[in-house]
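Labels run A, B, C and D following the written order; every chain starts at residue 1.
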Amino acid sequence: MADNGGAAGNGAAGNRAAGNRAAGNGPTGRAGSALDIRDLAAGYGNVAVLDNVTIAAAAGTITAVLGANGAGKTTLLRTISGSVRARAGQIEIDGMSLVRRAPEEIARAGVAHVPEGQGVITELTVEENLRLGLLLRPRRERAAAIADAYQRFGVLGDRRRQAAGTLSGGERQILVIARALLSAPRVLLLDEPSLGLAPKIVAQVMDLIARLRDESGLTVVLVEQNARSALEIADKGVVLNLGRVVAESDAAELAADVGLRRHYLGF
Amino acid sequence: MQEFIEFTLGGLASGIIYSAIALSLVLIWRGTRVLNYAQGGMAMFTTYVALTVINDTGGNYWLGFLAALAAGFALGAVLERGVVRPTVGKPPLNSVIVTIGILIFIEGLAGIIFYNGQSASFPPAYSIVSLKVGSIALGVSWNDVFTAAAVLAAAVLLAALFRYTTVGLRLRATAFNASVSRLLGVRVGRVLTLGWALAGLIGALAGVLVTPTTFLNPNSMDAIFVLGFTAAVIGGLDSPVGAIVGGLVLGVVLSYVGGYLSADLIELAGLAALVLVLMFRPSGLFAPTAVRRV
Amino acid sequence: MTMLRHVAIAVACGALLLLLSYRLDLYRDLQFAEVAAEVGAVAGLTVLIGISGQISIGHGAFMAIGSYAAALLLLHQHWNIGYVIVASGLVAAAAGGIMGIAAARLRGPYLAGATLMLAVALPSLADKYQSVFGGDQGLSVSITPPAALGATFPLQRWFVWLSCAATLVLLVLLANLVRSRIGRSWRAVRDDEIAASLAGLNVARLQILAFVVSAACAGVSGTLYAMVTTIVTPDAFTLTLSIGLLTAAVLGGLGSLLGAVWGAAILVLAPPFLQDFATSHGFSSAVSSNVPIAAYGVVLIVVMLVFPAGIQGGLRRLLGPAAPVAAAPFSALRRHAPAREEKEEGTV
Amino acid sequence: MNRSHRLGFVPLAGLAALALVVAACGSSSGSGKKALTASATGITAKTITIGSHQPLTGIAAPGYDEIAPASNAYFQYVNAHGGVYGRKIKYIYLNDQYNPSITVTVVNQLILKDNVFAIFNGLGTPTHLAVVKTINADHVPDLFVASGCECWNQPKTYPDTFGWQLDYVREGKILGNYVEQHFKGKKIGLFYQNDEFGLDGIKGLKYEIPAKQIVAAEPYNAAASNPSQEVGTAAAKLKAAGAQVVISFSVPAFTALLRLSELGVSYNPQNVVSDVGSDPITLEGLLNSFAKKSGSFGKSLLQGIITDGYLPSLGDTTNSWIKLFTKIHNEYIPKLPLDGNVLYGMAVAYTFVQAMFRAGRNPTRASVLAAVNGLPQAVAVAPFAYSLTDHNGITGAYMAEIKNGVLVPIGPVQVTDDTPTGAITTYSGTQPSAPASGIP
């Protein structure tokens, strides 16, 4: 597993220029794209999970959303991507409202949500999973984009004909991120990308996310239990507790705030 | 030997129809986890449409054939959108009852609007006279050959659609994991409608192909549906290949039982075959076992 | 205590029905008896599906077994009707046990397929063994009111008494069973098989038991039905009957015994009502004979879309939230789609 | 309300006065013209209400669902031309889907709720068997059951029940006798519905045909889940047994399937089909679309089939009965095909009207039963068997061949009884013509 992850990381590093070009094809490179969340409330049934959440994610930055289990981090992402309906408040990307839209329409508007755990479709092959990411791209760009992805993530190219269910956890994580990137999103929502991965691979994944921001100006919202490694790459940190924003500031500041760390972040 | 050839080929000729019905059931099951009990009724209805077109165009079989396929496609889409979609998120049994309701409604409607519900014959595409090798009659006709070819061609085209086109990729992705597909921008609603439409089309094909041998009336597809359903269960509801194989196996088994034992035993043989398969493979012969987590 | 309460309710109902049977004309009496006869099968099915979480699309088969057992006992052994009802219920229960053993391994549509094929195949036995089962013309079932009631006591009223009495006993037994430890275990299995087995419940045995109970109810119901219609034939137990029972259980409201009464009433009374309606509105014969069919289809669809928990669920909703809704009566059926549920949860 | 009450009194009084006058005239002239009264259940001064159970939907509906509308058309015709002594016939036929349990329900409705005078032409052997006891227990006339089962002829057990059509045993004897004489020594195969219909027919056949000549007997199940597969197998087995003549007691759909299956296995025996399954128009309808594909027409697939008929052939357009019924068909039920089922429905309705006229101006259930005894021959080619000890109907038929889509008689009308030894004799009488008015 570690070897595979390493190979992926190396492959990606070795093709920095190519990745840059690929991402540059999409709208992600545009300056000024941002995610704006204001006074958001959401929940399930009688349970209110999010209350009065306001977060602004600047274009080309990584925003780490942190907090304990049950703080509402995953619900936040699911509400942005439309899987959970917002009860109040506003979500905008580039000034366009996402509230009350179906998940597929939000995806088409440029929000790629990489869900927690294994978002791969195990019955499909690796290549088919990747092709699903391409559905929103113009037909003429697809061949080049998928070739780029294979160059960047070598391990996927080696296994393109295998059922995605045969991949290891790390490989699956790489696959879902690669697939999300292929759709050339404006905003990437990542839910616990490090969950269940070996520390070495976690580092590689984090590294990959940071490079994507740097290379292509992607806006990333990163939900992580592993607050320490998230804050290492994030530009900004938001701490949720019981569905409310209890802190929001520069990532380095947050990491330095010992009280906050001890209270909410556990490191 | 002559009898054996006749029973075998005759069984395959019947079986391929069960395969077609089974295939249409599998298409819907994989896409929406709904068992469409109205599939036979829909096929009966579209066959009436074909008959009306044939009679109105002075006997043009192929126009009727195409009309049935088009009607099946449209009917599948309309039913999914109109009455099946609202059962999503409700208890699964509700969708079962809704499809049974569709079946009962369609049968009543056909009795009201088509030929006063009277039995009618439906023409075959080609001659039904047995083919011969030398002096041995094979027990299958050009029409049986056409029937088998049409079902297999439809199956191959479907497989190609699923395997090689982006529409097919959307269909499969939705069938396997609708919520992930949604996050990737797949308009799942439209894809499900398309799945029902394709199933309606395959069902319509089965109706047009089988009705020359059963005659057409509002209940004429009931028994065929039961056997098609049985074939799908035997093959495994998630497996299109299983549907085809299940239909052929069932057709041949029933033909042997009817031929060598007694016609009275055909239904019991169907039950026995089903129970036997399910005893050893509770999810059918071709149940996917590999990648599913439990 | 519950037992006493149920018996008291049943006795009160019985007294009411007894009075009613005198108020109705003979035709209504007969319809009444037919409804009462069908209630048992629908109630058994509603317990099987709604409480134990297994499906049967071929429950008519168990009615057939009960009816034929009763007809044969009456013809050859000349037993008292009371013993016949019990005995035929036991025969059907045994058949249910066999089906249950197979069913315990099967899930969702595979179980539906097996029960469906059972309903299709079973009547063909009557053709195969004509000397025993009388082939297409079946066996006649004739019982007479006891002499003590007087020579002029109408047969139809006797049918009402017998079917109501037998059905009330069945309902009391079922009501106690679903509130007993066994009923609670069934619900546990229905809601989560794995959790139930981890909690030490024998899932397979409970599922088989549910089939046994439900088949016994269908067997008793089949006996009453044969008695009311005075004949047992294979044509009476077509797939249409089985599907009718299923729709009645779901229309009434799964898991609810009162719902089973509504469902059975609709099943028996709707067709003649609709046919009369169509005929009296001057439709031609082809149309008026098909209008009831089409209308029943529409009713099924509309009820499922408007009252997804059936009539009893709808009544509860209308009469206020006080009564607890039968704990998610369908959740068990989720396992119809195990793969999908898994995956959806996987993406949460 | 009040107004109608008051007004209602005047005509009532008038009617009573009129009745008195009529009664007085009647007694003075001695013609017996008594006032019309509500003389029995289901009979009022103005109407005769009768009921029936018919398969209007479901497996047996195709074809048979024309019978009751055809009977009703004839009743409409009678009603429009004076009715039965001025009473109009109201015919309630309910759908039993050919399911005996439903038959019980609908017949109970007819007797207990609709209060019919008689059950008329209830269709089907298993279905009617389910209700024959009840009907007799309630002493409701059970006239002219639409089934050739021998079971209706039990005057002691079922005094109220009468058959009508040629019973299957007689028919089997007449068919068997013909085959025995014209296909001497040929190998014979049987194809029959596995119920009372087929079994009674085979019983009659076996009275006439030596057992050793029968090389194969293939029963079919009318409710088969895949009829074509079942019949295909039967055809293959008949062929393998080398049967040169195949005698069928089958319903039309299965006759047609047998013909198709014979083609399917390249088998061309002489087909002999009983009346029930040989209506050329029904068969043609079923076979036409196939025949085109085999380079011929439905008619030619039927060409040469031997059968029997107990009603005049629809092809005999000069026959007075066929003329009458064609006229009524064109006027009342032009949408239905003019086929054997329609002919049957009108013919049996005619018999009923005959009986009602004989039962007197104010009929009772007893008088109508008495009227059936000795009912004279009318539409059928042979007389009725009706007597105090015999409740069978038509007693004979002629042999015929299907030529160009119609029955062409190939022999005289023969009559027989239903015993193993009863002789088969040529009927010497002639068929009466239809009355000019069309009403008995």
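The criterion applied here is as follows: contacts are C-beta pairs under 8 Å (C-beta built on N, C-alpha and C of every residue); 3 or more make two chains touch, one makes a residue touch a chain.
What you see is a predicted model, and the numbers here were worked out from it, not measured in a lab.
Fewest steps needed to get from chain C to chain D, stepping only to touching chains, is 1.
With chains reduced to the mean position of their C-alpha atoms, the one farthest from chain D is A. When chain pairs are compared by their number of contacting C-beta pairs, B-C comes first. Chain B has its Cα centroid nearest to the centroid of all protein Cα atoms in the structure.
If you average the CA atoms of chain B and of chain C, the two centres end up 30 Å from each other.
Averaged C-alpha coordinates put the centre of chain A at 53 Å from the centre of chain C. Distance between chain A and chain B, defined via averaged C-alpha coordinates, is recorded as 43 Å. Chain D has its Cα centroid 79 Å from the Cα centroid of chain A. Contact of a single residue of chain C with at least two other chains is seen at positions 120, 124, 127, 286, 289-290, 293, 346-347.
Multi-chain contact residues of chain A (touching two or more other chains) are listed as 115, 119.
Within chain D, residues 57, 65, 194, 221, 225 each touch two or more of the remaining chains.
Listing the residues of chain B that touch chain A in their complex gives 166, 169-170, 172-173, 176-177, 179-188, 288, 290-292. Listed in rising order, the residues of chain B touching chain C in the complex are 29, 33, 35, 83, 86-87, 90-94, 96-98, 100-109, 111-112, 116-118, 176-180, 183, 218, 222, 226, 229-230, 232-233, 237-238, 262, 264-268, 270-271, 274-275, 278-279, 282-284, 292-294. Of all residues in chain A, those touching chain B in their complex are 81, 83, 102-104, 107-108, 112-113, 115, 119-124, 128, 131-133, 135-136, 163, 165-166, 179, 183.
Partner chain D is touched in their complex by these residues of chain C: 25-27, 30, 34, 120, 123-124, 127, 135-138, 140, 142, 156, 225, 228-231, 233-236, 238, 272, 275, 285-286, 289-290, 293. By the touch criterion given at the top, residues 2-3, 6-7, 10-11, 14, 59, 111, 116-130, 132, 137, 139-141, 143, 212-215, 217-219, 223-224, 226-227, 251, 254-255, 258-259, 263-264, 266-267, 270 of chain B touch chain D in their complex.
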